[in-house]
Amino acid sequence: MAKSTEKAGSSGKYPLDKSQQLELYRIMAECRALQQRAHDLFMQNLVKGTTHLGLGQEAIASAFGLAMRKDDYTFCTYRGHNHTYVRGITMTSVLGEIMGRDCGLLRGKGGSMHLTSVENGAMGSYAIIGAHMPIAAGAAWSAQYRGTEQAAVCFFGDGTTNIGAFHEAINHAAIWKLPVVYVCENNQYMEYTAIRDVTAVENPAADRASAYGLESILVDGNDAELMYETAMTALDKARSGGGPSLIEASTYRHFGHSRADPGKYRPDEEVAEWIARDPLPAYRSKLLSVGIDESELAAIDANTESMIDQATEEATNSPPPPDEIAFTDVWADGGAAWRN
Amino acid sequence: MAKSTEKAGSSGKYPLDKSQQLELYRIMAECRALQQRAHDLFMQNLVKGTTHLGLGQEAIASAFGLAMRKDDYTFCTYRGHNHTYVRGITMTSVLGEIMGRDCGLLRGKGGSMHLTSVENGAMGSYAIIGAHMPIAAGAAWSAQYRGTEQAAVCFFGDGTTNIGAFHEAINHAAIWKLPVVYVCENNQYMEYTAIRDVTAVENPAADRASAYGLESILVDGNDAELMYETAMTALDKARSGGGPSLIEASTYRHFGHSRADPGKYRPDEEVAEWIARDPLPAYRSKLLSVGIDESELAAIDANTESMIDQATEEATNSPPPPDEIAFTDVWADGGAAWRN
Amino acid sequence: MAQLSYREAVAAAMAQEMRKDPNIVFLGEDVAAAGGVFKATVGLLDEFGPTRVRDMPISEQAILGATMGAAMTGLRPIAEIMFSDFLAVCWDLVANEIAKMRYMTNGQVNLPLVIRAGNGGGARFGAQHSQSVENWAMAIPGIKVVAPSNAADVKGLLAASIQDPDPVLFFEQKSMYGLKCDVPEGDYVLPLGQANISREGSDVTIVALAAMVPKALKAAEILQDKHGLSCEVIDLRTLVPLDTKSIIESVTKTGRLVTVEENPRLCGWGAEIASIAAEELFWNLDAPIMRITTPHIPLASVDKLEDLMIPSVDRIVDVVSEMD
Amino acid sequence: MAQLSYREAVAAAMAQEMRKDPNIVFLGEDVAAAGGVFKATVGLLDEFGPTRVRDMPISEQAILGATMGAAMTGLRPIAEIMFSDFLAVCWDLVANEIAKMRYMTNGQVNLPLVIRAGNGGGARFGAQHSQSVENWAMAIPGIKVVAPSNAADVKGLLAASIQDPDPVLFFEQKSMYGLKCDVPEGDYVLPLGQANISREGSDVTIVALAAMVPKALKAAEILQDKHGLSCEVIDLRTLVPLDTKSIIESVTKTGRLVTVEENPRLCGWGAEIASIAAEELFWNLDAPIMRITTPHIPLASVDKLEDLMIPSVDRIVDVVSEMD
């Protein structure tokens, strides 16, 4: 129940070997390419509906992607492209969904805010703030009840810490010692309002952990390896019956809140400062500095680029979904009938 | 932001003079008589609908009753007879309401759970857990905006600390520095479930104060003078722009949760221990021990008894409300029309 | 056949299904140790133990969130929301999450779950603890809605709701928990979406639900005896799926339709059924369609006023006997 | 007359009333500094300052709770709930508290407040950000419900809602924020509870609301030109109070009634109006009453599928032209 406003350093308990490091870099690079391309497609007017990009925040989702077991569950928000992608879906299915194509992950029925891939444990992207926090506790309860040592990971934003569901979910997870990891990505803003202007404590998640008998965990969310270590620690705790964790990872979104937002409410210096702390080049430098050859990273970069180009082509060539599917899958029988 | 699991002692900052002490005793005695009579009337089958008694918890409402300014606002729950009574309504209006008579405070339209007297600043008894916490913040906002130095006081139970509205309300009150005093009456149980079985921290309100940047305040809710001092401290803070307080006062209800509940889930020893700490005889003894004459207390007791008898008679003789009022006061024009 | 009360039938149905499927779990406030504030789940903790029958804090969003998350990942949870009025504090989980998840994900997510809630007035609990909110639920696509009128139907329909692969909101009538009737013993399951013709008749069709069914039956008796009118009483039992076939057949025969609902007037299920008839049975109707409802006013607490507001046997008799 | 967009009319009405009464205050998420995510409240912070125009955390219960508490104690607050779908997270405050408080307290509590919310589909936001929930609101006794179809009505009706002594849920159509029309300058207030006959006609009455009004008008044109049918189009403007008088007058004249609503099918306001007609206008009707609605399905995100679901001009033309 210690309270800390100091960011945690590395414990050295979960060192990554070279192949893991390259894997982590690969995942981050792919997330970045996906987010950048989503943005570019939007600028070309090829995106339908809204999008919320996680560009700048990739280290968090990527580290968890590497750390999680295949059968673990993730729950994320409308800003969930990275979190869903790292579980194993294709780039095409993401781009297709935001472009409203039949190849989309949900064939256009859900849209950018609802990416879900149950077969990959990506149990949904939720667009009402806070709702997925108690739902994630439910998945963790299910894992606990079935005795599978699966964990549930729930990503949410700083703004989400002020809604009632946050409070109910974490109290519930704590009293039932549920194997769930709550990850607050503190990107400093809700939509257009700075989180510090509307929150009674400095660190919206970490300073509230003690209200649920949990340890206060505050980390640099742009440090990919530290995030990996933080993820592994919490996941191990969850699997071994140690109950939930609440992690606050500080980060920044490079673009505005959603496609409609140029993000002008943020001071230029603040943006510049955070862009200088961009997690992807930072991790690239780090890998070079520990002796990884630039050619290995360049190969990943090149592969990423060809993947995203191919996905763009596939999605662009995919037709819109057929009319019929508008009227299916309300019920388990595949239909939508409410009367006989 | 200090965290404390120790109960606070007296600071000596708000000593009561003898007339105040007698007044505090009087209020408590009247609350007790009212609660006991409500119970007796129920046993005689004269109460319609449900009732939730605050018998055993009178010190808290009474101390606030004495401490508050006439124009302050109170918000309470379905267990709100004491809190509403101390603002200045008649016993007849309470008994009439629970008996469904025309003399009832709401003429039977609200019932036991909704006692309200706007002219006395008793801004409602709310039967959905947690809802009144953000509403109280709104009244405090109004006072702040109008610059009146009024305070709002919001009473709620231990079980209420686990619902979302608790979290939203206190964060809001803290960031706007609203003149509101949140008072958790920790009577150890929600309906039939012990609060410790469903809460992640030991002290459901006090251990969460730091999550809103507030001081942790834990007091013996059965110590009438300590409650008075606690109330005055928080009210002064509110009026002087110091913002909200969150107080946890430990207490116990002598009866079950509501009329339907014999309270069998509570261990006999626990009940006995708390009945031994009954706030009313404790305060009586204390007053005697500081030199107040027994005859003065006996006079209050006698007056209380005649008041409650008279109120019982008045309520019993009051007819049921007339049919017409079922169809009035949905709208400000006094009517219920939804069409022309 | 055993005589069971409505509340006993709740526990009987849950036990029946929980015995068959270890993935059925149950959670709510005061439901385990205390057996529920309406005593409808007494005995379940003893039989199924504390890992399957669990008490929750006063956190309705956590209750329904846990229910949804568990249902998505292999369990078949049953949740209790004590009073249906409290659905308002967790309506997001019902209306925006549970009801929409399968559709939004193009059919990926299964949600075999049941939400039980005490519904309706008559217990003098006042405006915040007496509402009939089955129309709130019916207005949300993606959730099935059940509201039984007697103990036998409670057993059969609750069992069916638990077995159903879709989310079901199961409304239990608070004022009926104590009422007994013959309930089939052993495994008993009724289909969802099938109304019950509680009384056959040829002059007027009266469509009712839950506590309104016995009132409609009583009124039908009086209407026969005093006015020589033969009323057919349809107990809807489920609002979604809606058994329009039974309604259409009956009104085609009688030419007259009256609905009796406890929810407040505007946008109730009675309006839905009246509108269906006004479109599909227009040429069969011999008289205006009448809706009998609680007026569009919050409920008063005191018995005398509450009784004025909720549809009564007398009001049904009056309306039906005065139909053109 | 000035040309104003629907969103500019929101700010204009609020400014008009805030200038007159210093007790009018405004709160919501991203409403002050940012002027609202739909930019409907741009300029209010500058004109009225940070004590009257305030940003809130993501705490919808706190927003509506504060609104209610302030209204009870002398202010006239206006709250913004960004998307009407989010009413589900604070529905208790709307349905159980704000709507019932005056009645439960035998008339003691005044609640002069307005809740504004962006409502409806057409923006490809998907199932959780596109709902039309005016029928949720209409089902709750004790709350007035307004949903304007153009910028002029926004100004007049929002001003009226702010002046009204009762709680009002004011639905702004998200898809129409950019649409301009002539809006009267200066002080402009329209009465609540008065429908607008948007087009006169003699063969069929089409009742519509918000975004369905321009569609109904367009359909009426086509029906006149292609089918020689004269349609009267009624823009309801407010659901509570409901201008049944205008509907009754019109249907008495035309003998035919069609409702066009964006909310999902079951228990919508169309059902309420159809039922009123089926009871009160039965002998005046020459044809079945038709309801055109979004099907009872959550909304899909992609444009192509969303457009299939929400009532279109073509569907209105088809239904009306095929009426008996």
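In this document, chain identifiers A, B, C and D correspond to the written order of the chains, with residue numbering beginning at 1 in each.
By definition in this document, a contact is a pair of C-beta atoms (placed from the backbone, for glycine too) under 8 Å apart; a residue touches a chain by one contact, two chains touch by 3 or more.
Because the structure is a prediction, the values reported are computed rather than measured.
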| item | value |
| --- | --- |
| A-C or A-D, whichever has more C-beta pairs in contact | A-C |
| Farthest chain (mean CA position) relative to chain A | B |
| Centroid distance [mean C-alpha coordinates] between chain D and chain B, Å | 40 |
| Whole-Å separation of chain centres (CA-atom averages), chain C against chain D | 30 |
| Whole-Å gap separating chain A and chain D, where each centre is the average of the chain's CA atoms | 36 |
| Multi-chain contact sites of chain D, meaning residues that touch two or more partners | 56-57, 59-61, 85-86, 88-89, 92, 96, 103-104, 126-128, 141-142, 240, 266, 295-298, 300-301 |
| Chain A: positions in contact with at least two other chains | 106, 109-110, 114, 126, 128, 130-131, 162-165, 168, 171, 175, 197-199, 325, 330, 336, 338 |
| Chain B partner contacts - residues on chain D that touch it in the complex | 25, 51, 54, 56-57, 59-62, 64-75, 77, 92-93, 96-97, 101-110, 112, 141-142, 165-166, 193, 240-245 |
| Chain B-touching residues of chain C, taken from the complex the two chains share | 29-30, 33-34, 37, 55-61, 85-86, 88-89, 123-129, 265-266, 295-298, 300-305, 308-309 |
| Chain D contact footprint on chain C (complex, rising order) | 85-86, 88-89, 91-92, 94-96, 99-100, 103-104, 126-128, 135-136, 138-142, 240, 263-264, 266-272, 274-275, 277-280, 282-283, 285, 287-291, 295-298, 300-301 |
| Residue numbers on chain A that touch chain B, as the complex places them | 3, 162-168, 170-171, 174-175, 197-201, 207-208, 210-214 |
| Residues on chain A engaged by chain D in the complex (per definition of touch) | 48-50, 100, 104, 106, 108-114, 126-131, 159-160, 162-165, 190-193, 197-199, 260, 265, 320-321, 323, 325-327, 330, 336, 338 |
